[in-house]
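Next up: some structures, all given as structure tokens.
Here come two complexes built around subunit A, the first alongside subunit B, the second alongside subunit C.
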Partner chain A sequence: MANLFPHLLNGLSLGLLFALIALGFMLIVGVMELINLAHGSLFALGAYFALVIIAPDPAWLGPLGESYHALPLAARYALALLVAPVLVGVVGMGLELCMRRTYGKKAEYGLLLTFGAALVLEETIRVLWGPSEQYLQVPRSISGAFLFAGLIYSKYKLFAALFAAAAIALVWLFLERTPYGAIIKAGAHDSEMVRALGIDLTRLRLLVFGLGAGLAGLAGIVLTPIWGLRPHVGVDAVIPAFLIIVLGGIGSFWGAVLGGILVGVAVGLTGAYASGWSLLSMYLLLIVVVTVRARGLFGRKSVLEA
Partner chain B sequence: MAAVPTVASPWVPRGMALLLAVMATLPLWVASIGLYQYLGVEIAIWMIYGLGFNLLLGYSGLPSFGHGAFFGVGAYAFGLFQAWAFESLLLGMALAAVAAFVAGAVVGCFLSHRRGIYFALMTIAFGQVFWFVAIKWHTVTGGEDGLLNIPRPALELGAASVPLNSNVALFYFVLFVLAVVAVALWRLVHSPFGKVLQAIRQNEERARFVGYNVWLFKWAVFALSAAIAGLAGSLFSMAQQSAYPDVMSLHASGVIVMMTLIGGGFVSFWGPVIGVAVYFLARDVLGAVTETWLLWFGLVFVLAVLFRPEGIAGAWQEYVGSVPSAGRRNRGTEAPASHIER
Partner chain C sequence: MAQRNLTRRSLLKQAGMLSAGAAATAFMGPWRYNRVYAAASDKPLMIGLTSDASGQYANSGASDRRGMHLAIAEFNKRGGVLGRTVKTIHLDTETTPATGSRVAERLIARDECAFLIGAVSSGVANAISQVAQKYGTVYLNTNSSSPTESGKNCHRVKFVWDGNGTNFAQAAVQNAIRAYGKKWLLMTNDYVWGHNTSAATRRLVGRYGGEIIDEILVPQGTRDFSAMLLKAQQAAPHVVAAAVGGDDLKAMRQQVAQLGLGQKMAWINNQQDWPDVYGLPLDNLFGVFGTTWYWKLDLPGVADFVKRYQAAYPSDPMRVPGNVFYNGYMATRELLSAVERAGSTNNRKVIQELEGLKVSARDRMQHHDAYMNSATHQMQQTIYLATANHGTKERDDMFKVLSQSSPEEIRDTGADAACKLESLADTPTYEM
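And now, the complex of A and B:
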């Protein structure tokens, strides 16, 4: 059994990262009852924005370029972690503005629209950055490996898992301990009542979409050093995200976190026995759970079922 | 079911005869407009796929984002049959359709009590399972490369044997299959079964309260649509002389949704046919001009969803409907996407 420990740990850290991907998705589903299939493309976009912020074309910055490049990588990386998600959030808000025409129609229209948006974003990335694989640099202090209890671990994976845990905690604090969080949760619960209380629902949706997109971008920056960065990397992110949401129950914060960790551990443990097949386990997990519990682990009745 | 009134409709409507006639002349002129024979084969195969898919999306209102799985199952089944058993065209195609039907029937058991977004999400999950198995099960599917050197068996008609090695011969064979599928589906959607499907799309609850076993209808239409996708897949594996997992990816499954929607599958039987033709012509004509044609196609799709979810066929109906004509009564007063008539 002892040799399962690293797989369990690996699965747990992967699970935290999956949960981070799923969080933004969950916010948008919860408040807007919209499955955002462009989530993966926003994830990829975050990583590409970070790529530019970390190593911009010197010609763009003119005289500033050299002094910017002279900054330590850690500083530029930190800047990317802060700025790129905001930029992705702005893109997400633009998407929300387009979405408005589909409100009040059947939910499938939103699904189709975000599918189209995903295609457009992915092709735009291909045009701007080329189709080949790229590498997001990470600072030296969090790359490489370290030894612990006789086993080798990747420093970056540890950093990523801790970062994801911290981000999840921040989102939780935001949702549970701030008035904005209360409004968002109320909006997910009963948007009519929120509007009746005089809260601008249009602006709330715009902000939630921006926040969800920003979280997608953040997950992209953290994850692509592990997964590699190519224009269609988004598919690898959007599929676990929606699996986790359905597994955990639509609109549930702890459902998303627990779903993410469950999926991560399932993938990690099957990796111990049949590494090639490890990703299959998450689909099977979903099918088993949803067959037994139609609304996922923590799901309540949702408008989406109609 | 006998209580459902059926509207009499011809076996082969004018539009279908016209389409098949135009397509039958395709090999004569396709080269002279700068395109190639193989394109016709591809378009006809995807038209079969699209017509079957629209049973789900347009008629029953069930958005499947994993239909490529069944197309792929058909392609692999055909290839494996030729490699493991013996070379036979019709048996291989029948087996492909049956294999896809069985796959669809099994998946349908998990899906048929769901609707809307939940339905769509579950189809994505199942589609991914098939895609993943196709990539990983090397000994059977050949992994990412897929099955290679799938033959094009000759068509055996009693004593005569028609080779399908040339693209023109294969095109006429596929066109024949398309004609059979189109007539069969046209009858199906005008049968009581088809009317119940449309009732389910308009209001599932009401259809249930009227006394229809909604679960069974959804399951049956899902499996049937899968079988047609499998049939198209078997033709595709013959056309490509290989079967590979790409056709089962989320992207490929999304493309058939896009084609059906742009063409106008929500309002017309012919929507997917139009959409398929537009997609492949865009790919070849725009693709010759710019590498980024898919970006432009995606933008058109987004605009279509936003402003014209009824697609090209819807725009056409609106245009025709605006021209006063004695034969059309009150067409303008109907809600545009309320039901599919033509």
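And now, the complex of A and C:
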């Protein structure tokens, strides 16, 4: 048991990070019934925007360059956590504007458009930042390691898990305790009724896509100091995100959170005891859950079901 | 019975048709054995570049390609090969064996490439070489280093230019047991290169009196290593021997650096490709690792080679060449030289030239003379062990070379036993 405990804790922290990755994906699927295959590229874009905010080329800033670099890394990192997701959100909104011609058509149109967007974004990253591995700096206070019960843990991983938990709580508060959240939820439940009540559905979709994209970007900033940063890092995010929302039930907030945690624990435990199965474990988990409960853990009942 | 008059015109016509028929019989006989294309001196010599532009080894694939391009540009500047300009076609092998097969098939059968060059992933290299052997097309595996590439998956048409997992393990294991201890833990990328490299390490650890206490498999695509690194800490080995490559290695390295585990236990990383580490903080370069070449080797020709690289790629973010570029360059240069020596693009003649290849240390820019092992088709060369160069102020001087081993010291005798090359007579022949 003493040997198992660190792995359970590790799985839990990994699960919170997976849940953070899936949140933005869940919002867009829930409200717009659209599988956003560009989620991974937006994840990567967030990290690259953060890279520029944390360590910009001094030439870009002109006379301000030196004084900006003199700011403590913690301040630049905090700025990146705030600004980069907003920038990704704006990119997401641009993508939503392109999506509009696909509304009301077959789902394949949306899938193809977001797939194309993913390729364009990844290639744009490659052109702007090059194909090589990049390094996203984190403040000294959250880097390094600490010793607990004879084992070494990463401070940053702990920070990232706590940050993910806080982000999940904030998104939940936004959805549950604000009128905007109520509109989003209503839009996910019955968009025609929302429109009938005089709410501008076009603007709602724009904002939801922006929010979902911003959350993808935020996850990218938090995850890439662990995973490393390269143009195609988004591929590593989009597959678990999709899997988690199917596992948790499409459009369900707590489904995405619980799905993320279950995937994290499965990957963490198999990583320790049957490491060859660690990536496969999430797919096996999905098969088991979907076999027992086709709509996922917290998915709404389909009208086709008796 | 109709009477036919034999005129001069009809006689010439029939003679022409007869000649064309004879030529067609000669050139278009069984495809397998007689691929002869017009090898006129004004026809460019086409070479297919089979390197990854996407997937796990996209970055290394680009570096590999730059090496090939430089070698080809240098030949073209001197008037080409056998008076013919060398041209290339590149298709992305996507770090995927199935794509590698498809790409090889297309480059040989449709684009009529005389030779194929390039690989980083051993799985892709193996797939390409199976297709190449079917057509008899000479193929250079530039940068994949699974021992099986020159062992059980060797082919008459394939030549392997990188040091393999066994070579690197040979260079490191005995010294590491002596320096750090006998309890070893293996971290193995769960695909052909990882398994074969770890198998070689396991054999050597056993031979030198060490013990493997555990083996942690790392599936390809792993991004979170925390569970595996906790497990490694619980096992408390003296040495961790990692055979993890590509993006998996990058993620693992980042996490090992965050935990400071690079200093807590001894790490032997099989081989460290330059494109995978270039520009990263030195803390991420933990432990001891192998390489075939380094841009700061104090040897004749190295500085000039670096200058030629910088002149050819002035805007490349990688300001100095690394081992992957070097292998791509050397393999291509030696192939084109072999064609010149053979005086023909006939594959059998080129194969024979490459089988007898000997390159002086000076030409290789390494410490020892190198030669092609004619039994396995692997280049036998100097292997270097290196570690992070913490004492430097020069940004690109990331490695500190610790030792160099001669080809004899690190020879992969297992490959000699495992490799069964097809006979030259059974290899389809062609000339383009």
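As a working rule, the second predicted complex is superposed on the first by the 299 of 306 C-alpha atoms of A that agree within 3 Å, B and C clash if a C-alpha of one lies under 4 Å from a C-alpha of the other, contacts with A are read in each partner's own complex, and residues count from 1 in each chain.
Everything below uses one rule, namely that contacts are C-beta pairs under 8 Å (C-beta built on N, C-alpha and C of every residue); 3 or more make two chains touch, one makes a residue touch a chain.
Please read these numbers as outputs of a predicted model, since none were measured by experiment.
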Fit or clash - subunit C, subunit B, common subunit A: clash
First, second, both or neither for A:88, with subunit B first and subunit C second: neither
Touched partner set for A:111, first subunit B, second subunit C, both or neither: first
Contacts of A:183 with subunit B and subunit C, given as first, second, both or neither: neither
Which superposed partner A:167 touches (first subunit B, second subunit C, both, neither): neither
Partner chain(s) touched by A:35 [first = subunit B, second = subunit C, both, neither]: first
Partner chain in contact with A:291 - subunit B first, subunit C second, else both or neither: first
Partner chain in contact with A:241 - subunit B first, subunit C second, else both or neither: neither
Which superposed partner A:102 touches (first subunit B, second subunit C, both, neither): first
Touched partner set for A:152, first subunit B, second subunit C, both or neither: second
Clash-bearing segment of subunit B, relative to subunit C, as chosen among 240-248, 276-284 or 312-320: 240-248
Residues of subunit A contacting subunit B in one complex and subunit C in the other: 232, 276-277, 279-280
Contact footprint of subunit B on subunit A as seen in their complex: 33, 35, 98, 101-102, 105-109, 111-113, 115-117, 119-120, 123-124, 126-127, 232, 235, 239, 242-243, 246, 276-277, 279-280, 283-284, 286-287, 290-291, 294, 304-306
Residues on subunit B engaged by subunit A in the complex (per definition of touch): 61, 63, 65, 110, 113, 115-118, 120-122, 124-126, 128-129, 132-133, 136, 249-251, 254, 257-258, 261, 292, 294-295, 297-299, 301-302, 305-307, 309
Contacting residues of subunit C [partner subunit A, same complex]: 54-55, 58-59, 62, 190, 216-219, 221-228, 230-231, 233-234, 247, 250-251, 253-255, 258-261, 264, 275-281, 284, 317-318
Interfacial residue positions of subunit A with respect to subunit C in the complex: 3, 6-7, 10-11, 13-14, 130-135, 143-145, 151-157, 225-228, 230, 232, 236, 267-272, 275-280
